[in-house]
Amino acid sequence: MAKRFGILTSGGDCPGLNAVIRGAVLKGGTVYGHEFVGFKDGWYGLVYGDIMELDRSVVRGLSNQGGTILGTSRFGPYSEPDGGPENIKKVLKNLGIDGVIAIGGEGTASASKRLFEDGINIVGVPKTIDNDIDATDYTFGFNTAVEIATEAIDRLRTTGNSHKRCMVLEVMGRHAGWIALHSGIAGGAHAILIPEQPESLNQVCAWVTSVKNRGRSPMVVVAEGFKLPDMEQAHSTKGLDGFNRPRLGGIAEVLAPLIEERTGIETRATVLGHIQRGGVPSAYDRVLATRFGMAISDLVADKAWGKMVALRGTEIERITFDQALANPKQVPTDQYQEVRVIFG
Amino acid sequence: MAKRFGILTSGGDCPGLNAVIRGAVLKGGTVYGHEFVGFKDGWYGLVYGDIMELDRSVVRGLSNQGGTILGTSRFGPYSEPDGGPENIKKVLKNLGIDGVIAIGGEGTASASKRLFEDGINIVGVPKTIDNDIDATDYTFGFNTAVEIATEAIDRLRTTGNSHKRCMVLEVMGRHAGWIALHSGIAGGAHAILIPEQPESLNQVCAWVTSVKNRGRSPMVVVAEGFKLPDMEQAHSTKGLDGFNRPRLGGIAEVLAPLIEERTGIETRATVLGHIQRGGVPSAYDRVLATRFGMAISDLVADKAWGKMVALRGTEIERITFDQALANPKQVPTDQYQEVRVIFG
Amino acid sequence: MAKRFGILTSGGDCPGLNAVIRGAVLKGGTVYGHEFVGFKDGWYGLVYGDIMELDRSVVRGLSNQGGTILGTSRFGPYSEPDGGPENIKKVLKNLGIDGVIAIGGEGTASASKRLFEDGINIVGVPKTIDNDIDATDYTFGFNTAVEIATEAIDRLRTTGNSHKRCMVLEVMGRHAGWIALHSGIAGGAHAILIPEQPESLNQVCAWVTSVKNRGRSPMVVVAEGFKLPDMEQAHSTKGLDGFNRPRLGGIAEVLAPLIEERTGIETRATVLGHIQRGGVPSAYDRVLATRFGMAISDLVADKAWGKMVALRGTEIERITFDQALANPKQVPTDQYQEVRVIFG
Amino acid sequence: MAKRFGILTSGGDCPGLNAVIRGAVLKGGTVYGHEFVGFKDGWYGLVYGDIMELDRSVVRGLSNQGGTILGTSRFGPYSEPDGGPENIKKVLKNLGIDGVIAIGGEGTASASKRLFEDGINIVGVPKTIDNDIDATDYTFGFNTAVEIATEAIDRLRTTGNSHKRCMVLEVMGRHAGWIALHSGIAGGAHAILIPEQPESLNQVCAWVTSVKNRGRSPMVVVAEGFKLPDMEQAHSTKGLDGFNRPRLGGIAEVLAPLIEERTGIETRATVLGHIQRGGVPSAYDRVLATRFGMAISDLVADKAWGKMVALRGTEIERITFDQALANPKQVPTDQYQEVRVIFG
């Protein structure tokens, strides 16, 4: 009888998830004769045995579809009363499923590792739109997000130039500034602000003013996780009515009025938000995701439980859950400095 | 000696402005032997005689460039101490300029009309990204904005589906909901909320819930000028600290938590903002803007001072400033109702 | 019992077909309580009773899908042995279908008219990517094709400039040059060649040379139906081996070597082909197609058999099959001349 | 006095060339105080001392511009009477230029190596849109080409599905099939044909038929350099008139009628051509090109003559001209086989 494996997608959605699913089902089916089901809504589907069949006809044409046909959630396999390895083993046995492919970020890898140690056959595909997993050069979704953010910079630039304004664009990146760094380089930003690298408001304003003095319109790209030094930040959260209160809106909406106030240059904020993570994946992400999907079907065939796939150079390699969890990948200081020299 | 005309762009920037300039310069130069200069930064350049030469080489390749090479501002020709018709007549005489082409919105048409009545040779090109001038079927910039908003809906939809969330997208439209209406139709939105048509929070939540009950993820498109009935709106501006205060952020950021609270459906807001008005114009807008530019050079050649160009069906026609100012074009109730029947 | 109507799409595919289907099903179902089925593969499905159910869940998310979910073919309702009105009446009766919505071009309108005269309840939606139906200002698909062709011009321009080459782009348009005209205007082409307007090779080469002499790289856009005067055309079809033979490839591939030979300017041809008619429809086409779809459901409800929908200005109107068939819409000479003055 | 360096771009244009130039000028100027000039039209400008100044204002906003502002040509530094190292040394001395940055492909690297051995201070940036240089993981331009080709596949797919046709898309790749491989994976092609891997017409038709039998529409992506075994190829070049003659058009135009004839499935060819290499570069290519440009300014500062830059994983490294020339990078058999298993 054909072996049967279950796939789940967990955490925030990301362009390329469907291409991973398609790659795994096509190669696993064609080469190894495996069958696949999908667990619905992440770990929820695994814990409650809520599945859908995944055959070739279901995954047709999926590589250019954003999001995930399986649904996703932030549910964890240990955190719910019905969760835990013993229950999951029963579910898998009842459904005749021989192993699990978990596609997700840090939380998913962490839960997968624990399930593996608790005796579940499980392998993983790394997923982070922020590109903050050190064990892989890139992950799918990141490229699409950078392309979208770059197009936004291109668009904002023409408005900035026409009105002689400073434009501030906020992009994703809570703990790592990769999207800001890459889109900022691609879009020719005059300042790129990321969580890893503190910059003072004075410095930002100096760059903005220098650009303006050359007769150009300043473009600032800021990752959502960037923070100004405390005093400056505090100032910005004092509302019009004089009450301090939790900051509403993003960092771009904090920065813009501060820049305008200090430099005298009219400044506008744009928060890109959710449009960075949805829609048609870039070709780059589809290729990477398809390769991850095909490679994970090899891991399953090899019973390489406890492993994940990763990109190194142009090759797909195998890593352990521990390697995936070892270090968050932040923008190194030297790489930031390399670009910072041409700010302003 | 060749006749010489000055072009200015005023008010918010808009995709297609450069194509108008190019169309006017190319046709005016080639067919009528006219020369052109640009006034910098809107009326400012006219009042202070700040100009740039506009010959064929300057406008080459301009049709696909967003923004305006002339710069723009919100400066008015009457509102500044140095403004006013007598000063402007002197400036034009000193610079040897025989007439003015003013590209702008309602304020620009209004000022142009007054200058015309005060004896200035002036013609106008309508510009409104919101499509709210009744005397013309469409204006350039609107199509580009709708395309960008529609792509955003396409992207948000995949995230909504993956997470089973309601997504709320805020698009431009302070007084008229055309961008919301067209992008909402194109993107298959489940509710479209516009300034012209009141809808209660209850109604919005009923649509959202009905979509959810069919197993789909609700997509709400809202124009920035849409307002909830007063009581509901007030509620939303009460912050976490209990103080009422002026609303920060857009209407989407007001609506999203209200929808989530009442329906129990996780809801996310995205405010599209400035990216709707910048960047490469759509082909549609380039064609319309080029035709407007070429037609305005005919008006100038005909000394049709006091007139503007407008689109009627597939033809470019001539209208008066009064016609352009007569009625703001809002979404008619019957046209809204036509679409409203398939909401939810 | 609910009334039941059948929809078919016939002839070449076109972006927006699915949005028409969706608009008709949503409005017809919600407002009038009608049910819909789709005939598969155009008239074939009608003649052989090959149908699929079209309920709300089938048309969900269809507005941004290219092509047609019903399939299409060039099969005619009279041309096959099993065709003809008597057979079709039987099919409709057997399937309990009260009327037909035929979406298609000139051939479809012509066949629909004959079926209507033979007693079939039928209404029509005009479809022509070439925009060559005079009774409607625009049809869906045209805008998407123009956007794609314009993007191609933008791309080719950079190569032309870098290599100081003349680039020739061939776009769709067998009998009418609308796509060439609009994309050529939008892309700033230096010559636009269309079937309706003869231009000699000498004239084309004069424009190309004039552009080159100004230090720029000539861009020529040519509709597939454009023909050089006979003698010149003949010359070009003589192959390397000296034999005259039927021309292979498109007109661009004929023109490019002739231009290069006569002007001495390196010239490259690109034939855009099928990518102009597929893929995600533009927002403009989705709106127009959705409005056509909703309006055709009104015609059906009104039993306005023998009628079609059409766009006039910003309004959807009703026309007869005869009006749709009356005049092909070609580019009028004065509209061509208006643009021709800035060629070269 | 500031050191002064000259930049040239040679060979076919490629998205990202301008971003390299900008990156070098910005970093070289800001960090090292270097000055830059551009040689016009490749080696021609070097041999004849035809230059343009490249200061910060010239390179502003260049990162999103396709093509090369310097112009390019296929002129070689040794092949012309006025070329050769002695003349070039004189030109450099006369113009006060201390070294040369040559951006180009294999021919450029080869000529650069010889010039270096003949005593010219020269460094290189690899450029190949086909991605066929083994010493670097990727080069700029390749990603943009893959994105464009993938979008074309997405578009063709809807037409294929609507008409139940087989669509054949020809993409760039004379000696290496990387663009076909990546776009084919991204677009979900059912067969990918590349120069490195022979496939018989029988095999291609078997895949096409198998797809058709599953009720889908076959999509074949073929690199321009792919060849059918001799006998089959010969057959296809016999024209309607029965004469053998040199093949006109691309391989797609050869394949399509052969597939149609053998399988009975209507088949259409599209040759993507020049639109793959022009226009706005993808963000990926802009980042890579900017990093190459900044890194080459470091090489110049280090007097690392005879070296080139290359991408390895996520790092920019230094290689010799010999390394760049050592091995063309072709698609390895195992990588092709990995994908081939899911064809059909």
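Residue numbering begins at 1 within each chain, and the chains themselves are lettered A, B, C and D in the order written.
Just so we're on the same page, a residue touches a chain if its C-beta (ideal position, glycine included) is under 8 Å from a C-beta of that chain, and two chains touch if they have at least 3 such contacts.
No experiment lies behind these values; they were computed from the predicted model shown.
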When each step joins two chains that touch, the fewest steps from subunit A to subunit C total 2
Taking each chain's centre as the mean of its CA atoms, the one lying farthest from the centre of subunit A is chain C
The distance between the C-alpha centres of subunit C and subunit D, rounded to whole Å, is 34
Whole-angstrom distance, CA centroid of subunit A to CA centroid of subunit D, is 30
Residues of subunit A that touch two or more other chains sit at 151, 154, 157, 280
One finds touching chains in the pairs A-B, A-D, B-C, C-D
In the complex, subunit D touches subunit A at residues 22, 26-27, 30-31, 56-57, 60-64, 137-138, 143, 146-147, 149-151, 154, 157, 182-183, 185-188, 214, 216, 280, 282-284, 286-287, 290-291, 294, 312-314, 338-339, 341-342
Subunit D residues touching subunit C in their complex are 9, 12-13, 15, 17, 41, 65-68, 71-73, 148, 151-152, 154-159, 161-164, 167, 239-241, 243, 245-246, 248-249, 253, 268-275, 277-280
